[in-house]
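Down below are the structures I want you to see.
What follows is a pair of complexes built around chain A, which joins chain B in one and chain C in the other.
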Partner chain A sequence: MSRPLVALAAAVFVLAGLAPLAAMVPRVESADLAAIFAPRNLELLGRTLLYGASVALIATAAGLPFGFLVSRTDMPFAALLRPLGIAPLLIPPMILAMVWTVLADIRGAPAAYAVSSVSTFPLVALFSARAFERIDARREEAARIAGGWRAALRSDLPLVLPSVACGACFAFVFTVNDFSVADYVSWLGQPKFSVYAAEIFANWRIESRPGLAVATALPLLAVTLAALVPALVLRRRGAMASLSGDFRQPEPFELGPWRWPAFLFCLTLVSIGALIPAARLVWEAGGAARGFEFARVGQAFTLAIERGREDLANSIVYSLCAATACAALALVLGHALERARGGRWLESLVVLPIGAPAVLLSVGVIVLWNHDWSARFYDEGGVVVLLLAGRFAAFAILIVSAATAALDPRLEEAAQLAGAGPFRTLTRIVAPSLRSALLGGWIGVFVLSLRELDATMLTPAANRTAMFRIFNQVHFGRDDFVAAMALLILFLVVLPGALWSLFARRRLELLP
Partner chain B sequence: MLKPDSFRSSRWLAGLLALVCGALGACSSKGPDVVLYCALDQMFAETLVKEFESKTGLVVRAEYDVEAAKTVGLVKRIREERSRPRCDVFWNNELAHTVALANDGLLASYDSPSAANIPAEFRDPQHRWTAFAARARVFIVNTTLADPAQLTSLEDLFDPKWRGKVCMARPLTGTTLTHLTALYAAEGDAKGDEFVQRIEESGVNLVQSNGQVMRLVREGQMAWGLTDTDDFNVALNGGHPVAQVFPDQAPGARGALLIPNSVALLAEAPHPDAARKLIDFILSREVEEKLAFAEGAQIPVRADVKRPPHVKSAADLSLMRVDWARVGADIERRMTQFKERFLQ
Partner chain C sequence: MNAVELHDVSVRAGERGILDSIDLAVPEREHLLLVGPSGCGKTTLLRTIAGLVRPTSGRLELFGRVASEGARVVLPPEQRGVGMLFQGGALWPHLNARKQLEFVLGCARTPREQWSARVAELLEWVELAGYQERLPATLSGGEAQRLALARAIAASPRLLLLDEPLGPLDEELRHSLLAKLHELHQRLGLTVIHVTHAPNEAREYATRTVRMRAGRIVAEGAEAKERK
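Here is the complex of A and B:
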């Protein structure tokens, strides 16, 4: 490891992701902290925990079989359904909520549970699929010879459970930190279904107590970290566990007459989470209830490109810059976290910016950067890139550290024995071996940045992005324009992964 | 002496830094002549801003509020940026938060000549803000599900025959928060509390926003609801079977609430001269007329400004009397009160 390089990368990460949060802490007063324990807050927190845990459970019930079926069986079209299964994670949950409240006429708490579960099941599916693939064929064969396929599955289950639990922890974290779904769908639920994140958002608007939102965020931050730390530990036992040199790829399970029912099950999940919402957006773009016409779809896209061109370009530039910066940070810090002594303990610090409510990061950026000496930077796009990199770098760093764990350290030792310095070893030996993880991290950050709204809501230059325009047009019922813009965003979100799938030989590393 | 590897490392680092600086530099541009924070919907304000730019040659950096933040995003930014104001002109789509900013000393006085014929009740005596083009709080009625003639007063929300069929936005943000705060200010705490209590007890569906009220009614999921005139006009222009009702128009009734746009010059605005020109333009009769003819169908506060037939004149309506100074002072207290009541 090149210490100056690690120190530089760590400084950039601290500046981008941790300093804005630290800048908010001095605002907290003792009265703000006391408010945390108000019975109403505790009740909201309790309900949110139950909500998050239930969603994680439902996501597991759907994601575990999905992950198994697409990765380890002879199910028809498994290769197609596997990447499609990630799509619900990429669609903003608010869009899923808008589509399904109209189509299925579900409301209140059940709708919030259903939408959040659909949105997060791919997390469990991704971790499960990876874990099922990493079971050594010989171990499975031994179990199969002793007791058939059922015995093989029984022996596989303890091996995949840590990964499944890790995916469930991430599903929990995503759910408890989002209030848009519960807020949107709970209008007919009696009693009203409010969640704790909505309380933080509401407190942010109370000007006379600037520390209240920060104080209210602390329990949710603690809960998030309490879920993420076990997730980080579990991924070491599961998806991230090193493969030995003589690893043998396991054989696919033969489903026999269950092939097509299994296909239907996976297709249903993908349809609910991605295909139907996308189809609905096309229908909206084409005129919806006023009478669908393909010509109108074209017109809506023309309008979206004409009016939103500049915003789309800004979104792409900011996301490209943030993703590239994060990939560079991830190579240095992800590798260091895995190889340095005590690095694993620092992982919980790395995940802090994704665990903290977005709006705190956003206000923290104003506090930190709105000064005369930094005015130019604050007013222009640089601050958006810094904000996005700070918020999402953890994903890229963890993906790279996971890939580093699977990399034989003897390669690096050999390079150093041959006279290569730490920097050369990192760039010439480590980086090429981590290519698919680096690209996976890059794509992850690009996608998350492209669809981010909350963290950038108060940042001047982020005012001119595609997501910003979409949400402002929703208000005025410009359904065709909104649908076309949303489809353009979806296209951009899916494009890098699709290109990799089409042209690359290696599978993309997308798991943290 | 540098070792070859550390030499390469320095070059690599320098290259990376140059790349990052280049990328950040590419995101920069020439500074604007005036900075506008605008809570009016982006789709309407953009055209007007471009017109101002072409008329004056000045470059406006317009920053809009995201709908989810309901004005409060920009207000929050103005407050957070207090140590180094970067906004020159604040164009708010309501008045209460502008008054609150004025009360906190964040606005400067400017008596725009364009405001000369705006009625006094829409102008701050100290000239820290001026109000114009308004929305009204109205009922949007799906005419296939309800007869608009049956609806006359805000209290109809609580009529048992509509239980489960009417909706309004949760009074945590936006014009619904302003509306309830104004009710408290006009009718006192006891009547205000009673009104809020009845909202809870009567089963009014409290939804996310006025926009959602409009969607639910136009699609027939609700019979009618309380929203703003601009939302109603979106549904009307979309060809949906909807009608609007201005509540409390009977003699002696409380009147309909008019929520005007407001514009203000920021204290210590970085570009005060250009800011004044922009304010003069925003308060001009032409802009108020354009806002009346736009999809939002804003109601002109000047009686002699042209408007399309479907846009009422403020003079034709029985209006609720509002002490905006009090509403501005109370709004945060009410927000906290309603949050504890409705966010459960």
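Here is the complex of A and C:
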């Protein structure tokens, strides 16, 4: 490890992800803290916790069998359904809400529960799939000899459950911190569904009380960290339990007559989460009830590109820059976290920016950078890149640190003995060995940045992005322009993963 | 002169002692066999000599220079003149055979114009001529281990550390690699410390055997004398 390089990367991470949060702390007054315990806040917090826990449970009920079926069985088209299953996670939840509230005619809490469950089940599915396929064949065979498939399943489950629980924890975190779905379903009319994140937003935007906004955010931050820290421990336990040096891939389970029902189950999930929403948006872009025509779809796209050109370009550039910055940070910090003594304890600090409500981070960035001396930076895209990088760097860092844990340390020791310095070892030996994880982290941050709405809503420079344009426009009515813009976002979030699936020979590491 | 001298060297991990007051001297050009059951500290001793593990106490000298004093590392691994053949090879999976060796030559500041000849020479020595562009994944177990050996000696070390180098190989390959190691030992005048958990392994070529148990040296014997 190069200490100057690690120090530089840590400084950038602190500036982007931790300083905005730290800047908010002095603004809290005792009266603000007392307001945390106001009955309305407590009621909202309870409702949000129930919301998060229920969504995590539903996501597990759908994601665990999905992950098992696509990774360990002879189900037809498993190889196709596996990458398709990620799509609902990539699609901005607000776009899913836009589609399903109309299609299923649901409002309020049921709509929010349904949309968030559909949006987060791939998290559990991805973690489950990875855990199932990392079970050593010999372990499973030993159990099968002892007691057949039932015994094999009994021996497999303890190895898989930590990963499943880890996915569920992430689903919980995504849900309790999301503001856009609840905001959208409430905007549609009665019954409304308010969540805690919306209250933080209201305290800043409507009440103009930053101290109160920070104080209100504290319980949500505590809850999120309480879910993320076990998730990090479980993720490590899941990986440790199932990987060994001379690993052998297990045989797929034969489903027999259940092959096609299993396929239908997975296809239904993918359809609800991605295929139907995409089809519905195409239909809306083509004129919808006014009379669908393919020619209109083309016109809608032309209009969207014409009117939303600047927003789309901004979204792409900001996301590209944030992803590239995060990949560089991840290589240095992710590797250092795993290799440095005590590095694992610092993981809790690294996840703080994703653990904090997005609105809080956004307000912190405003407080930190909205000054005369930094006006140029604040008004331009730089601040958006900083905000997005600060928010999402943890994902890339955790992905790289997990990949580093699986990287034989002797590869680095051999380089060290050969005389390679820390920088050379990092760039010539570690980086090429971790390229799947680095690219996975890059794609993850790119997609998350592109679909981000909560964090970008308050920062003026970030208001010139495609997601914000959709958010704004949808409040003035749904038309083919909104549908075409949403489809363009869908295309952009799916594109990097699709290109990788088509042209790369190895699987992308997308999980922390 | 002794190639390696350990004076009262201990290594601890928290409360657990891994090496306990090791005293050992290895004369130059010796082929020392370090044997003992799994988990007795052989590999840790090797890694301590290489500088990959920091001792808790004691003094380590390499070719008359202090390499570590107490917990203070005086010479970092890359300055110890050590080559190491790792268990399983630890070849860099993204580099072909030529690049594996060029990486080491670059680190050793060997002039670039000499790389090509040196790579060819090294691959010739380990009978891998013509394998220059092959990636580790395309090599058999024996070939990979021979490439790892070429990499270990690429920078012309004076001390070669072998960590269970024959572990994954079959009987025939073990003999052929041992013969190759012996040949290089003789030709290059190397000092070799060879760790194994199988006492009969390499006894034919070793000049001395040191037996370890539970982090301590429990017996020493001169192989050549024993054979006589």
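Everything below uses one rule, namely that the second predicted complex is superposed on the first by the 488 of 512 C-alpha atoms of A that agree within 3 Å, B and C clash if a C-alpha of one lies under 4 Å from a C-alpha of the other, contacts with A are read in each partner's own complex, and residues count from 1 in each chain.
We take it that a residue touches a chain if its C-beta (ideal position, glycine included) is under 8 Å from a C-beta of that chain, and two chains touch if they have at least 3 such contacts.
The structure displayed is predicted, hence computed values, not measured ones.
Once chain A of one complex is fitted onto chain A of the other, the partner contacts of A:Ser155 are absent, as it touches neither chain B nor chain C. Touch counts on chain A: comparing chain C and chain B, the chain ahead is B. Once the two complexes are overlaid on the shared chain, A:Arg469 sits against chain B while remaining clear of chain C. Contacts of A:Arg424 after superposition on the shared chain: both chain B and chain C are touched. By the touch criterion defined above, A:Ser271 reaches neither chain B nor chain C. Of the two partner chains placed around the shared chain by superposition, neither chain B nor chain C is touched by A:Ser501.
Contact with chain C, but none with chain B, is seen for A:Pro432 once the two complexes are overlaid on the shared chain.
Residue contacts after overlaying the shared chain place A:Ala415 against chain C, while chain B stays out of touching range.
Applying the stated contact rule after C-alpha superposition, one finds that A:Asp372 touches chain B and leaves chain C untouched. In the superposition on chain A, the residues of chain A contacted by chain B and by chain C overlap at 420, 424. Considering their complex, residues 47, 50-52, 76-79, 82-84, 86-88, 90, 92-95, 103-104, 107-109, 151, 154-155 of chain C touch chain A. Interface residues of chain B facing chain A in the complex, by the touch rule stated above, are 3, 5-6, 8-9, 12-13, 16, 20, 23-24, 26-29, 31, 41-43, 63-64, 66-69, 72-73, 75-77, 79-81, 83-84, 86, 100, 167, 172-173, 203, 205-209, 211-212, 214-215, 219, 234-235, 238-239, 295-296, 332, 335-336, 339-340, 342-344.
Of all the residues in chain A, the ones that touch chain C in their complex are 245, 408, 410-411, 413-420, 424, 428-429, 432-433, 435.
Contact residues on chain A toward chain B in their complex (touch as defined above): 2, 5, 8, 40, 43-44, 102, 180, 183-184, 187-188, 190-192, 194, 198-199, 202-208, 290, 317-318, 321, 324-325, 328, 363, 366-367, 370-372, 375-382, 384-385, 420-421, 423-424, 427, 453, 457-458, 460-461, 463, 468-469, 471-478.
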